[in-house]
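Please go over the structures that come below.
Each of the next two complexes has chain A plus one more chain, namely chain B in the first and chain C in the second.
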Partner chain A sequence: MVTADELRNKAQLYYDDVQAGQDMPPLVIGPMTPTHLFRWSAAIENWHRIHYDQNFAVYHDGLPNILAQGSWKQSILPRYLKDMCLPDGWPWKVQFQHRAMIVPGDTITVWARVTGKREAEGLGLIDMDVGMRLQYDAESCPGTATIVLPIRGGRAIPYPFVAPKGA
Partner chain B sequence: MSETKNPLTDEVKALIGVSAEKVEASPPWGIEREGLRIFTNAIMDPDPRYWDDAFATTTKFGGIVTPPIYCSYIGRKTLAGVEDPVSRAFRENPNSDGIGGMREGGADRRGVLPPIPTPLKRILNAGNEIELYQYPKLGDHIYSQAKYHDIKGRVTKDGVAMLVVTTQATFTNQDGDVLCILRQSGIRR
Partner chain C sequence: MGRWIAIGKVPGWDDLAKFTDEMKATAKWRVDARTTITTVMALADGRMLAECHANKQEDFDTWLRQKGWQVESVTPIRHLAKTGEIWKVS
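Up next, the complex of A and B:
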């Protein structure tokens, strides 16, 4: 897992240094445990028993185990993109679907592969396929994303972010 | 054999673009450190932009900020002084799934979209979209407004009727700045 100091001192990734087809460094999380799931449920006050009560999840809902929350997954992909863009890029947008369930014992590899790059209003847009792959190669969250990276010698990415028109 | 009708009736179609009331999603005291600490630990993100005041001040954010879509979670919390939703859930149903006692929009149901007039009740999550524009800061007050972004109807080759309903939530701060836009698509069948 990444450390606070690594995020504090992270070197900027530039638009110029990214190529189509490139695999971005992954983020590995896990193995997940019931305690991780319970902690998230408590953090956001999600009392759905399928996330912490194994008897209920298995015998009442017919699930294979307690499940990692979709709401947790929804925060992980933006977090991964946020880290990728630090310090001055911007994780503009991501979309994904929920596929393979995540259960205790799973290790998750959050990944991204560049599918294209384009400039718009002096900003570097990087389009990517993204996902959260499990240790047995099942995909849990297939999706796409667009991040914004600075171009060497170009203008700073505005904050608050203003999307280029038509991008 | 009667043909299955497309469930996208005029009544359902009329909901496209309908918005609910804009409501405050944050608690009365706004974004605060302890809730932020608990949340960032739960997503295992040690970013010092969330807790190190001296460092955060040197960044383009000018101070402590929250993770990208933190603002979308704070409205789910139960404020003090209301009937305990957990006890209510199990009082109403001893076999409750734990969330049966939650009332969307709180006790007064504010900010809730009108229900979709359809007999299709099973809902599957078809996906999420997130657009980010600004991170909330400590002390910010967060407002959310829900909207039916799109609704599509179809009948499969096997004659199964389904609606794909995309709801959108726009999160703003006390200055009206858009922080993020979240869309969720659900398949109703």
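Up next, the complex of A and C:
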């Protein structure tokens, strides 16, 4: 788990330092507990019983346990990409699918592998495959992402972000 | 997906540390995306009850064989009552 202090003091990752085929440092979360799931349900007011009522999830819906929320999963990959880009990069695009369910006990490895890099309007665009792999090697959220990193000696990435034309 | 109860015997489960060693780690009960051992009970007379959520009974049988426990029966659950809540399981 990354601490707030580590993020505050994080060194910038530059476009120049990333190569196609490179595995980015993973983020490991878990093992998940019912408390993690309940905290998210409370935070976003998602009261579907499959997220906190184990008997209902198991014996009514026929699930292996209570389930991690899709919206929680949707928050993790953007957070991972945001942390990767800090302090001056930009997590531009991410899309992924929901596949294997995540339940208490599961440990998740959030990962990214660089598939290509390109420059547009003086910005460094990094394309990646991304996902959230479970401890038994199932891929829960396969997808792709594009982050924008500064080029050494290049211009600053605008904030709010303005996408390069045609990129 | 189905749900089964295995009844059998496991020696040495008077020892909580041994029971914990056999069942605590996620990999010991979360077999894969479709197979989860949801409950295991060690009874005072040496018998055990194990409940499994799986796609088919063979998945549970495989796990039980790997554990090496003495299994007397594996049976689907039909109805279940838990502190006043009634569930039709299969």
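Following the convention adopted for this analysis, the second predicted complex is superposed on the first by the 167 of 167 C-alpha atoms of A that agree within 3 Å, B and C clash if a C-alpha of one lies under 4 Å from a C-alpha of the other, contacts with A are read in each partner's own complex, and residues count from 1 in each chain.
Definition applied: a residue touches a chain if its C-beta (ideal position, glycine included) is under 8 Å from a C-beta of that chain, and two chains touch if they have at least 3 such contacts.
The structure presented is a predicted model; accordingly, all values stated were derived computationally and were not measured.
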Subject >> Fit or clash between chain C and chain B when superposed on chain A >> reply: fit
Original post:
Is A:H60 in contact with chain B, with chain C, with both, or with neither (first, second, both, neither)?
Top reply: both
**OP:** Determine, under the contact definition given at the top, whether A:W47 touches first (chain B), second (chain C), both, or neither.
**Re:** first
Original post:
With the two structures laid over each other on chain A, which partner does A:R39 touch: chain B (first), chain C (second), both, or neither?
Top reply: first
**OP:** Quick one: the Cα-centre angle at chain A between chain B and chain C, nearest 10 degrees, please.
**Re:** 90
Original post:
Which of the two partners, first being chain B and second being chain C, lies in contact with A:W72: first, second, both, or neither?
Top reply: first
Original post:
A:D106 contacts which: chain B (first), chain C (second), both, neither?
Top reply: second
Original post:
Touching A:Q95, do we find chain B (first), chain C (second), both, or neither?
Top reply: first
**OP:** Examine A:P87 and indicate which partner it touches, taking first as chain B and second as chain C; both and neither are also allowed.
**Re:** first
Subject >> Which superposed partner A:V2 touches (first chain B, second chain C, both, neither) >> reply: first
**OP:** In the overlay, answer first, second, both or neither for which of chain B and chain C A:R155 touches.
**Re:** neither
Original post:
When both complexes are superposed, which of chain B and chain C contacts more residues belonging to chain A?
Top reply: B
Original post:
On the overlay, how many Å separate the closest CA atoms of chain B and chain C?
Top reply: 11
Original post:
In the superposed arrangement, what residues of chain A touch both chain B and chain C?
Top reply: 60
**OP:** Flag every residue of chain C that touches chain A in the complex, lowest number first.
**Re:** 1, 3, 26-27, 29-33, 36, 38, 53, 80, 82, 85, 87, 89
Original post:
Once bound in the complex, which stretches of chain A touch chain B?
Top reply: 1-4, 7-8, 29, 39-40, 42-50, 53, 56, 60-61, 70-72, 74-79, 82-83, 87-88, 90-98, 143, 159-163
Subject >> chain B - residues contacting chain A, complex >> reply: 38-39, 41-49, 52, 55, 59-61, 67-70, 73, 76-78, 85-86, 89, 95-99, 102, 125-134, 177
Original post:
Across the complex, what residues on chain A touch chain C?
Top reply: 31, 55, 58-60, 62-65, 100-101, 103, 105-107, 134-136, 138
